[in-house]
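After this come two complexes, each holding chain A, first together with chain B and then together with chain C.
Here is the complex of A and B:
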């Protein structure tokens, strides 16, 4: 039997109600995301989240159709809703064709009225349909005559059609909506908005639930929760209608708004200059930040549950197997020996009888250094051989690479290279014998292991390793869709390579590497804003990625696991600030809470990490340790609209202190270079610079 | 171009265009054909992969689309243009529809080759896709059958359209049709005889045009000499960067082709095509893709060809 890719469906909008229920995963106990959204709390909430953070899945999970799925039809459903103490009315603002309510020769305030009226009709129909469905099998339990009368009274103009049952009201509201549709759609041609508004804003969105609660027993003590998804698809003025609901809500109504990070265009309310305030009128919930900030083991468990569910539903594993199924065991992770002994031997094989790339490059730089009198303690080319002999570690190419790194570091400090080489040689011997736990090699391995390994892979034509389930979870950084997309591509590659993933064979390193690369490309193109803004952000991210990559692969990188930077926004121009904000809003950058303390100026700068999904694009680390502090000029050169020359100057100035033989103190124009400052990462409490 | 990039491209082709016919281990098995125990073999491997990455495989969905295009562009539209000319350039469908129905009743579609061959195999799909009556399709011998009116069928027709999937050298169409066409023409001088292959090489079309009495020879997709994949004119190597080299690709194809298909090492009459269809692979394609080899030199084909006996 051919097994479909279990990770094929990655968007909640593509899922049926059954799939929403089946694929749903939450954190256990008090850590539950649902509990954080607090469906029974009357306090309105804005749920922020990047694309793919799971907003839609969560909100749909709270909606009425899913409540019924959980509790069952009929009496069981009614009891379930009563015990839930909320009724979820989910809708997507994107399905309103919001652009219809603008222009066409009509002033904006007219459109605001029309939109509000239209929303009242729309919401009323959703409510009535829900109530009809709840009591479909026992309409007699509802006090229909009184209910119908009170609903009619909510209208400014009493219905001219006979109203004998709830369905009649539904039909009436539908016909009012159709009349509005025709008027709105024809307005562009006739230039007249021929529409009579027969309901006052709020009368239905807030008033109808009150009426229903009075007359429908199931809804007596239930909170009506409007779940307004895709809020970013509304215009500023349309958002004001919902802001007004947030402000004027009364029991038994509340509203939860799902919106992308960039999606709030206004916090004002209709017909007044007043604004809603966070924690006063509403509270915020930032979903991807919340997921990212969970403990690492909790994130891993959450991801494991996601995978287990998919594999069980898809038939890859049996449900009884699921509880103990550990996805992490199904991915090859390569040589885990800290010295890379086995893999290192394989890599070294092709350099038998000749210099490894690290040694060849070092030799070249030492000779050049002698020529320009920049190799401390060395006078002639023969001295180079002595250094090379001391640094070379024929038995372990990885440890040799560490030795080369240590020599570059000594060189940058202007130490005698001969003395340094002797120390390094001794340190390598100790480290290899297992006795050098405090040796320079051991210290460097502690902080720079992944960077030196990355350099080794790169210079020996190996591909960078982004492998292992834990790595994929870290890469997704609070975006479950990113994790599923990684797994989707890996699964495709794995089967293409003839493997039987999660059944009889582990996923190979190659399938993981290729799948991750594809997922990273998807993220880069999918996560960007549309239009010119997207292009500018993409260009800026490309420059940033290039800078971080060049620093990571320099001779003497000063920061370990460099994927972060802080910015001096005081010196940055507006276009650069905007692009920076857009990059964050579109999840290409993650803002680090607490920022970065500038030790020299005493300032707290904003700090960002390149989204780990983008790490493979520029061979950057997934982890975050070191950071560089970008000056205002540098921010302008990377994120602004400055010429490419300005960026080239930044690259040169940043790189020159890290490249042999000069490890220069002057930039290409001869002026004194700015000191590269060591940074303290407050979120890790680690001293991350080797300076 | 690196092997990784080629692998990426081939994966996309397999997933999206080649109906997931095989996976990478199958490609590896095919690549083993090229291994040389005495050599490095990496260049041969790279060239084989490059050729594979340029292979055009037309799956059944695409074939059906092409059959619709064939009917629309080569049969229906020209006939409608003709009908409009006759009827004062009218656009009135009340006039055009009955006239076109009349055109169809005096037209028959015939597959080239015997009924087991691919030209005739396509007729079924051609009829389905274009919603044509099965009465419009006949075997060639039926053209001579006597109808209830006492006439032979050919006498009642204005058009006979011969359909084929592929015209490589044009030899098959020439050999097959010459005696048949002359007999038809003898019986009915005015009948219009057309030959429409879905794909055809430019030289094959010229051969058929020059050496048969078809009134019309046309195709949906014409392949000029740049489709000869390992020739100096090859379109595939036009922008290929070293170490990819068309001369190496020619040597590779020829070396193995000579062993597995000694009579036509670069495909029938040296066509060198990189072409395959869901129902079969033309023998004009490089044999390294489709041949099973010989008992002395067995070969694992990546796109196996279901062979006729003889060429």
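Here is the complex of A and C:
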């Protein structure tokens, strides 16, 4: 029997109510996300989150259908809602097809009124349908004349149809909405808006819950929580209607707004220049930041629970197995020996009897350096062999790579290469024997291990490794959908390769690498702003990725695990600032709290990390350690609308100090200018202060 | 109207070896730089001729060949553009009109169908020329892919339901996968069905459409991997396209009578015409919309040659009462 991919469904919108309940995962105890959303708090909340951060899942989990699912139908459901002390009315703003309420020859303020009216009708129907459903087994409890009459009284024009039960009101509101729809649609053709508005904004969204609370016993002490999802799909003026609800809410009503990071277009309220203020009229909850900032082990446990639930529901593992099932044990992670002994031997086999790529490249650069008198202490090509013999480590290609790296560092500081090579050779021997815990090799391994490994993979034609469950959790960076998408692709590749993931065989490195690459491409193409902005942000990210990649794979990278940068926004022009902000809003960049302290100017600059989901696209590290400080001009060249030449100059200027044989700075045009001033770490002799 | 009724419309081939004579008074085409647009116009033996200069292509009127009178405007919508054009040329009800949709953009094709009904046109001949090939196969870009907004086409906006649990989005998918992704994203919550052009206009084009669609499978959702969510209608046949849409819609509404239905015409112009025909026949005042991803600009030249040409005899009189 074919087993369906347990990670096939990655979007909460694709899940049924049953699946929303079954797949739901939360942090334990006081760390609970639901507790942070505070459904019983009357204070309105704006829930920000990048695409796939879980807003919809959380909000749907709080909605009425899920409340009923948890408590049961009939009396049990009514008691459950009473004890929950809230009733979740969930809706997607995207379903309103908001563009209909604009243009068509009508001024904006008319559309604002029409939209507000339309929302009143929309919300009323949802409320009535919910109440009817709650009391489906005892309709007599809600069809009391006083309730029906008070609802009629909320309308500016009393219904002409007989109202004997709540269903009649529902039908009436539906017909009013239908009349509005037809008028709005015809307006596009006739340019005339022939619509009579029969309800005042707020009368129903706030007034109807009050009436219901008065007459429906189940709802007497219950907070009506409007869960307005996909708020980003509303225009500025349409958002003002909801902002007005936020401002004018009264018991028993509150509102939780789910919105993407870029989605708030206005905080003003209708018919007034006034604005809602955070922590005064509403509070904010930033979901992906919250998830990212949880302790690493808590994030891993959360992700583990996500995986366990899916594997149990899918039938891949038995429910009794789930509690002890550790997803991390089901992914091959390759050679974990710190010296990469086994894997290194396999790679080195290709180069028996000839130079490894690192040695071949070093040899070439040394010879070129002699020619241009830039190889300190070397006069003739024969000297090169001596250096190479000292640096070469036939027994371990990885340690050899570290030795080459150390030689480039010494070279950049204009040290005698012979002396440096002898020191490096001794350090390699000590490290391999296990005695050199403070040797230069040991220090490089501590700080640059992943970067040197990345260089080794690249120059020996291996693909970069983004493997292991922990890596995938880090890559998702607060976006559970990103994690599920990675796992979905990996699962597909794994089964394609004939493996039996999570049952009888571990997921191979190949399946992981291919799956991660595919998920990364999806992330890059999916996280896209509309219109030309989207293209500009993608272009900027491509430039940034190229710069960081070139630095990481240079001869003497100055920063370890480089995936971050700080920016001098004072020197940046407006288009660059906007694109930077858009890149953050569309989750391509993550802003680092606290920023980066500029050593020279004393400023605190904004600091960003490339979203780790994008790391495979440019062979960048998932982890964040080093950062480069981008000047205003550099920010303009990368994020602005400058010509490609300006960016090419940035690349040259940044890379020149990191490339043998010159290791020199470049002038404004990108040409090599002057030598790097040697900086010597007195304790180690081989390191510069930039580490 | 049942899905079989669409098969009563007439579709027929046009010979590429002769002029096309049909007693038409007026010929209307939309200009772009693809060979087939001018080749089609050259076959038409009609004196009163118009080039619609659609603003999205960015031509000046002086860029257009002088084989027809150019018309352009800065109208707010495709519907308004065509409305103003027909107003300018006078009462079209009294004319026998021939419209070539080869150079039209899909949202103009959809609007055109409604406008002809609004203008009291009872019958009209629409023609379409198939390319020999698209310039870059499945990599061909028909737009600058800078989607400004995904929204309903004016006149096809529907009367929607507050219950969105069983919403259905039918993507008439073509080469421009980015556009497919944008629409799928806009109605992320809806169940998706992809309607592919099969038989395609050239044998390889169907495979190329599948390849293009596969590049955005993650955005479309789990349905993109399930063949049960793939439906087919000939790429050059608006009538079978309408019939297929009718079947899909009836099947969905049997289970979910109140569900919102969205259709997005992203494939060939005949299929866009089929989407419009289905909508105008069965969907006015229902919870059904035609959605379109509006781009900043569209490619002026996307194809080479003229392989085959078709005429579609449209009858609108019976649809007027439904609006």
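In this section, the second predicted complex is superposed on the first by the 660 of 691 C-alpha atoms of A that agree within 3 Å, B and C clash if a C-alpha of one lies under 4 Å from a C-alpha of the other, contacts with A are read in each partner's own complex, and residues count from 1 in each chain.
Definition applied: a residue touches a chain if its C-beta (ideal position, glycine included) is under 8 Å from a C-beta of that chain, and two chains touch if they have at least 3 such contacts.
Predicted model, so just to flag it, every value in this text is computed and none were measured.
Is the arrangement of chain B and chain C around the shared chain A a clash or a fit after superposition?
Overlaying the two complexes on chain A (C-alpha atoms) leaves chain C and chain B fitting together cleanly.
Please compute the chain B to chain A to chain C angle from C-alpha centroids in the superposed arrangement, rounded to the nearest 10 degrees.
After superposition on chain A, the angle is 40 degrees.
Classify the contacts of A:100 with the two partner chains as first (chain B alone), second (chain C alone), both, or neither.
Second partner only, chain C.
Contacts for A:14 in the overlay, against chain B (first) and chain C (second): which applies, first, second, both or neither?
It touches chain C, and chain B stays clear.
Using the touch definition from the top, say if A:273 reaches chain B (first), chain C (second), both or neither.
A:273 sits against neither chain B nor chain C.
Once the structures are superposed on A, label A:525 by its partner contacts, choosing first (chain B), second (chain C), both or neither.
The answer is second: A:525 touches chain C but not chain B.
Examine A:434 and indicate which partner it touches, taking first as chain B and second as chain C; both and neither are also allowed.
In the superposition, A:434 contacts neither chain B nor chain C.
State whether A:29 touches chain B only (first), chain C only (second), both chains, or neither.
In the superposition, A:29 contacts neither chain B nor chain C.
State whether A:514 touches chain B only (first), chain C only (second), both chains, or neither.
first
Between chain B (first) and chain C (second), which does A:497 come into contact with in this model arrangement: first, second, both, or neither?
first
Return the chain, chain B or chain C, that is in touch with more residues of chain A.
With both complexes superposed on chain A, more residues of chain A are touched by C.
Measuring by CA atoms in the overlay, how small does the chain B-chain C distance get, in Å?
Scanning every C-alpha pair, the shortest chain B to chain C distance is 5 Å.
Of all the chain A residues, which ones make contact with chain B and with chain C?
Shared contact residues on chain A: none.
For chain A, which residues are in contact with chain C within the complex?
8-11, 13-14, 91-92, 94-95, 97, 99-100, 103-105, 122, 125-126, 129, 177-178, 181-182, 184-185, 188-189, 233, 485, 522, 525-526, 530-532, 534-535
Can you list the chain B residues touching chain A in their complex?
Per the touch definition, chain B meets chain A at residues 4, 8, 11, 14-15, 23-25.
Quick check on the complex: what are the chain A residues that touch chain B?
Against chain B, chain A makes touches at 463, 492-493, 495-498, 514.
Give every residue of chain C touching chain A within the complex, in rising order.
76-77, 79, 83, 118, 145-149, 151-152, 154-155, 157-160, 162-164, 167, 181-182, 185-189, 215-216, 218-219, 221-222, 225, 260, 285, 289, 296
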